[in-house]
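Pasting a structure below so you can have a look.
Labels run A, B and C following the written order; every chain starts at residue 1.
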Amino acid sequence: MVCVELKDVSYRYPTGEKKALKHINLQISKGEFVAVIGKNGSGKTSLCNAIRGFIPHFYKGELTGEIYLNGKNVLESSISDLTLDAGYVFQNPFSQTSGTKETVFEEIGYGLECIGMDRMQIIEKVCNIIQTLQIEHLAYKSPISLSGGQRQRVSLASIIVMEPEVLIIDEPTSQLDPKGTEDVFEIIHKLKNMGKTVILVEHKIDLIAEFAERVVFMDKGKIILDGPAREVLTSPILEEYNCTMPQYAILGREMMRRGYPLQSVPITLQEAKEAVKPYIRTEE
Amino acid sequence: MESAQEIAARFAAKKGNPVLDLYPASKLMFVLCMLVASICSPHWCFGFIVFIVCGILTAFAGELKGFLKGMRIILILFVGLLTVVRAFFYTGDNLHYFLQLGSFHMSWEGVAVGLGMGSIVLSVTSPLLMTTKTATVEDIVIALEHMGLSPTASFLVLSTFQMVPELNARSAVIQDSQKSRSIEVEGNLLVRAKAFFPMITPLVLSSFASTEEKSVALESRGFNYKCSKTRIRVITDTPAQKRGRILMGILTGIFCVVGGYFKWFA
Amino acid sequence: MSDKPKKKLEMITVALIPFAVAINFVGYFLASSLKLPMYLDSIGTYIVAATCGWLPGLITGILTGVLEGVSYPPSMAYAINCAACGVVIGLLASKGWMKKFLPALGVGLVVTLTSVLISTPITAFLFGGITETGNSVIAIALQAAGFGLIPAVIVSTVLTEALDKVLVAIVAFFIIKAISDRFLSKLPLGHLYLKKSVVQASEDDD
């Protein structure tokens, strides 16, 4: 089942001189874990904004083409109409709290309150998500007292609890320290295991290699590469666009270049270990 | 972690104190009744009676210290100073003077007028302060929602109450960083005035930047989703309190008619 | 706060209002910590009213008054005054008065007039001419000099409000100038203050 569909989408921001998206064609099916990579300004966030309907409903500007989310025409639905179709987690940990709740528990339940869910149902769902994401120790703290990493975990919980069809996560760790990043990626790992449809924008290419099944590479508003993670992340085209590969891919390609053939170019630590094994001489 | 039932109970829990647990509408009704009654009261002691009653109720709730602290300045200004000023400057015929200061005389009638005005101020500020000390903003907003307050309005109130201390804290940080960049804060008026702008501008601009993302984030969580909203936190009104409020209204009405007659017509 | 069915508030305005109220408070605290003889407690109201309209200005004013009233209840009576100032600023701003420096000064003066008109009856009839600020001292001194209650309150209010409200108008004017076009384009009255009128798309952009 196709969850996200963009047909020949082009877009320019009201105060932008150049187009942020150029002739985008994209289809994402239910259950896929798609990573979007590219340099700053390549259009990754604009793509996410378009899928969720922020473009054009919030950002206005000029848009051509068609966008469908779970079969709904995004251009004809409001941002609120699509609340349960796609959840969105933003980069900035500090701008996603409602600012009206005294406890993290209620903060997580805020979205469910907004859609008018029954009170006991809300409480049960929030309990479940807190236990699943292992943030019990944060449950009764004030949302304002949390660190960046803690806030992002709460933001993820707040969106996941609404059980949207698609989860759009836009560079969630760019403003976090290493510990915060680790905590967030633990949750993303769980999302993958739950079989959720995820669109993840990230710069940390090594982490993407661990999770993504499919990778979309963008540059200057266009989709340059779109395919299985292994193919995209080891493609020489990335180098042409000055985009770094995962470090294990760099290792693998360098080994091959220097005359150490490998079955395939590794992109994760596990694959790298397997690939290098034949070349490790153990003392007999 | 507790079970869902236990958590549900936690978010509906009463504090066990009759004053703190009063449904906010009852407290607001009290404020309104005292306002109206004090205007129609023929004697200025009404305000002081209200003040004492509110003091007792607040003490019962364990908030007497805060209440008295807030009332102190009101007593000084609107009972003390106001009475003295009115006593001196009140003009009229057949006044009974008792004190002379320079060319000004204090009259008993002036004192009575001053105390009368002070009484009205006391009658409204005491219940208001009692309400703010013994009820949380959230509970007051929930009670207003039951009476028909829109979700947007309740968001505005709650968010504002959380935002003010947050921004104050941020401004303290900016103040320190500006001082360390040698922006002068001591010296003559012009120097200090010039320091104001670079202290407030970063705060305003960063607030604007936050607003953009915040508004998109809120909307994407269903802020404008068309349905009636529910809430995890609940407060309950009791039939006894409902009857109490009606009774309060009726008694206030009777007091106003009788008191007003004596005040303005007898 | 009751329902506003006639005019719909945009989401970005709703998100901005709490910040504006908070900025009002911060302005007041900064002014007192720098020991300036002004309140400077309406900067947020000015900015919101000028960029979003009279209704957001009104709401910001009311919320400011209510919040001040939590710790000092008499302030709640002046919420009407703050609200009226917000309305005036919004109406004048929508006619373009906050676009240039001199008309912005004019806004400050009109707001001073509004403030005097509305707060004088409140101060005189509700509070007998007494306020918690230096206002009262001037009013009392004037009464001692023979002025009646109302004239004394009017004069003392004008003296304290004029300087404050005009200065706030100037501060708000310069702050609005510093807001990026990108953000202004999203605000209801933001188009009045854009630095570039229309951004031209560059050619060959495919």
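Keep this in mind: a contact is a pair of C-beta atoms (placed from the backbone, for glycine too) under 8 Å apart; a residue touches a chain by one contact, two chains touch by 3 or more.
Predicted model, so just to flag it, every value in this text is computed and none were measured.
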Thinking of each chain as a vertex joined to the chains it touches, would you call that graph a line, ring, star, complete, or other?
complete
Greatest number of touching C-beta pairs links chains B-C
Whole-Å gap separating subunit B and subunit C, where each centre is the average of the chain's CA atoms
21
Separation of subunit A from subunit B, taking each centre as the mean of its C-alpha atoms, in whole Å
46
Sequence positions of subunit A contacting 2 or more other chains
58, 99
Hey, what residues on subunit C touch two or more of the other chains?
11, 18, 186
Touching two or more other chains in subunit B are residues 155, 159, 162-163, 166, 210, 214-216, 218-219, 223-224
Within the complex, which stretch of subunit A touches subunit C?
12, 14-19, 22-23, 58-60, 62, 99
Per the contact definition, I'd like the list of subunit A residues that touch subunit B in the complex.
52, 54, 58, 78-80, 83, 87-88, 90, 92, 94-96, 98-100, 102, 105-106, 109-120, 122-124, 126-127, 130-131, 136, 139, 144, 158-159, 162
Enumerate the contact residues on subunit B facing subunit A in the complex.
1, 3-4, 7-8, 11, 138, 151, 154-155, 158-159, 162-163, 166, 210, 213-234
Which positions of subunit B touch subunit C when the two form their complex?
70, 73-74, 77-78, 81-82, 85-86, 88-89, 104, 114, 117-118, 120-121, 124-125, 128-129, 132, 144, 148-150, 152-153, 155-157, 159-164, 166-168, 171, 175, 185, 189, 192-193, 195-197, 199-201, 203-205, 207-212, 214-216, 218-219, 223-224
Show me the residue ranges of subunit C that touch subunit A in the complex, using the header's touch definition.
11, 18, 181-182, 185-186, 196, 199-202, 205-206
